[in-house]
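First chain A sits with chain B, and in the next complex the same chain sits with chain C.
For the complex of A and B:
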């Protein structure tokens, strides 16, 4: 449904994408990677906002360079820096985007989306009075107008408080089905909760693609946990260096998770965060 | 369609500029400025020919600046609607209060005197702003306007020479006949429309604003 072949994108001398090969099928697909990995560049290429430097990408068989309009007709897009026209109310904004998307008689769909994303009560308020969470919900509502076959969502939970973040992930979980949803994020929890399949992008290259569970299985038996007294933490962490995945405070000690065997450590089942960090650091 | 046009008007029209139309209409209706007093009227036309056109690039810059500030371009570009059509409607919404102000300020035969250089400056500002940077667009337009005014004051004889007489926008002190002035204003109008059409091509391919 979405295919990328040897996709590269350069900004001057900076290579943002380096020969990305990726195939995305239906459902919610996670695109995970650290900041600056090239996720937004990849999403913007799929959204026909950026032309690639070389390589090919297609959405439902349409080329992102030559078939921009057919792609835009089947696309819902929530950019990383989403902004709405502050002079419009929430309802007016959705009606405006519906007109841009060519949605006929959008009233019922707008009311349904307002209700689905908990915006009905504030639909008559100007967008400028919305909180970050409300604005994000309005953003996903506009992306879903016209029932797009492809939904591209770039860092949707960034800057949200924990409650809004959980709420947003729940919205995302329900959006898959027949639709292709690409969720770009640097937050492992977003992917862990919402996606069955994912790709990990690091320094412009895909370093993993497959099932979310598969990434955890990849590091099964390689992640160890060791309890370190608080006074030795600094020295130990420095000695272990990049092998350290996560640390967790426990009374007078810390539970440190590392990649590879360690004296006094016990093997543990890695979390998705452990596996992701192990992948990025190895 | 009506709802779409209403939304475009609501988000783009600089409502405060209608005060200008109102004030100009008051000046005309109270006969503070009137064609019946030729000396006052000539001064009034000269003043407006100098000041009025600069509102076009200023409002054009305002339009682009708010688009950039609102961070709305990406969603707009990713929608299937033609961007040129959207920008055209939006730009007309921005210019509408200025045409209204011109209609309030002068007689129909003098509309072109005010709006033609305005369209040329606004079109240039829009084209350069969309293709490169909005500050650059405003700067180039203001430079054209400023040079025209400076030369109109200091070197009015230039207006009787070839290219200069066609490219300079402020013609009130020129030795040109009314017919020659009118012809040049039509040329400025044509330049403005050309810039506008080129701007629409630029708008169609506009995908991001340069970060400051």
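For the complex of A and C:
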């Protein structure tokens, strides 16, 4: 449904994407990677906001360079830094985007989305008075206008408080089905909760693509946990260097997870975060 | 487009800038600060009188030019940039939608902002009707032009909005775009007010600023084709700027420009260039192949109604109310004579002078003025209210002048509008009153009463007295002031001041400065005969004293009898 072949994007001398090959099928797909990995650039190319430097990308068979309008007709997009038309109310803004998307008679759909995302009570307020969470919900509501076949969501939970973040993930989990949802994020929990499949993008290259479970399995038996007394933590972490995946405080010690065997350590089932970090660091 | 436009309208009216625009418009129209642009001089003329619905709506269009444009442009541009800068916050979503980067959205924004701005100007202009001095003379004539002028006002505003859109697309800065557009408008105005209309470039410029010199005498301009072409030219410019704005946006994003954008741009260029070229052709077609000096020296004839001479002196005001300037004694051209059967034609010799040399006040040559109008209307119905007020104002003066002149016919002449002509001439038919004076009641009484004395046959000083007598019938406070001034002149005060100044100048050394003001403080028509002439002032005061002793009417009759004796 979404295909990328040898996709590259350069900003002057900086290579944001380096020959990305990726195939995305239906359902919620996670695009995971650290900041600066090229996720937003990839999403913007799919959203037809940026032309690629070379390579190809297509959405439902439509080329992102030559078939921008057909792609936009089937697209819903929530950018990383979402801002609505500041002069309008929430309801007016949705009507505006509906008009831009060519949605005929959007009133019922707007009311449904306002209700679905808990915005009905504040629909008459100007969007400038919305909190970050309200604005994100308005953002996903606008992205869903016109029932798009493809939904691109870029860092949707960034900057939200924990309650809003959990709420937002729940929204995302319900958006899959027939639709292709690409969730771009650097937060492993977002992908862990919402995605069956994912790709990991690092320094402009895809370093993993497949099932979420598959990434964990990839590092099965390679992740060890060791208890380190608090006074030795500094020395030990320095010695293990990039092998360290995560640390967790436990009373007077720390539980340190590492990639590879370590003296006094015991093998543990890696979490998605362990597997992701192991992948990035290996 | 409709829904998008409506939402954009709602967004625009939520900006406080609209209050500023409405208030500014109301002030401009309440105070009647819309300058008229004359044919003969590029410098702006007196303020428009707003004496009819036609004039009121025409004023909205003209208010956007000259200094009015300099004042309106920033407010309208602020309104526009407020809308465009809002885009920056949600640009990514906007561009990802199928219509987000289309001509359709840009067009909807353009139309919304322009429509609101036009509406606010109309609302502001409507406030003028509350002003009694405007309401008192306003007549409904010219109402049929309202839709046309409003449409052209709308198009004129779209040029500013499209220009703003283009510069905003280019530099992505609200204040930067505002500054550039305002600077452009200011530059256009400054260029227009440089010197006299002595080149084709200046003529073209003034023609555009004045919308082909629209006025009550030429509601569709003096060359209607050029007037309508200007509307199309503006539309072409808007399309060019719209296309260029989208072009810039696409290129800045790194995309190839869409075919529809390129198409719009090319269409706009063709339309603007085509109409611009046609306007130039229309104007050039109205410029005679001879200079005014050649015409006055009878080396050329006005064989067709050329509006301008080769050296851009104005010769003919065309249209329904025709005015022609000819050398005194020159035969009527054949194309003028043909009007004698169907129109009212009058020739007035020695009214005003023609400037024969470009960019110089000298030498001047006497001119004849031929006025041609329909049999029913000696002046446009749009002027009816002003003429009524004028007649009311002068009624007392005419009645008092009956002692020496039984019936005074007032002939309204539009050379004032056409030729920057401001004197009142006493002709055998009556008084030739330039129409421009109708809108300036404060300026006309003294020249008018002076003209009324022309047929008395008395000497100039007696005519000064007659002028004072006429003025006393309606403007007694003016006469009181003049009497005080005459006493000063009779006592030789200005002469003494002059002598003191001369002595001071003799004593002055290089380090000192001295400021001497020796201007005449009396009415201009009297200053000519009285200033620095104590004997003349005493003579006039004697007339006045005898008039008061005998009764002015009796004394004037005795003066007239003495003349006959």
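Heads up, the rule we're going with is that the second predicted complex is superposed on the first by the 282 of 282 C-alpha atoms of A that agree within 3 Å, B and C clash if a C-alpha of one lies under 4 Å from a C-alpha of the other, contacts with A are read in each partner's own complex, and residues count from 1 in each chain.
Here, a contact is a pair of C-beta atoms (placed from the backbone, for glycine too) under 8 Å apart; a residue touches a chain by one contact, two chains touch by 3 or more.
Note that the coordinates shown come from a computational prediction; the quantities given were computed from them, not determined experimentally.
Overlaying the two complexes via chain A brings chain B and chain C into a clash.
Once the two complexes are laid over each other on the shared chain, residue contacts for A:14 go to neither chain B nor chain C.
When both complexes are overlaid on chain A, the residue A:252 reaches neither chain B nor chain C.
Once chain A of one complex is fitted onto chain A of the other, the partner contacts of A:238 are absent, as it touches neither chain B nor chain C. Shared interface residues of chain A, touching chain B in one complex and chain C in the other, are 44, 47-50, 69, 72-73, 75, 77, 79, 81-88, 92, 95-97, 99-102, 142. Residues 1, 3-4, 7-8, 10-11, 70-72, 74-81, 86, 207-208 of chain B touch chain A in their complex. Residue ranges of chain C in contact with chain A, taken from their complex: 3-4, 7, 10-12, 14-15, 82-83, 86-87, 89-90, 92-100, 105, 253-256.
On chain A, the positions that touch chain C within their shared complex are 44, 47-51, 69, 72-73, 75, 77-79, 81-88, 92, 95-97, 99-102, 126, 139, 142-143.
Interface of chain A with chain B (complex): residues 44, 47-50, 69, 72-73, 75, 77, 79, 81-88, 92, 95-97, 99-102, 142.
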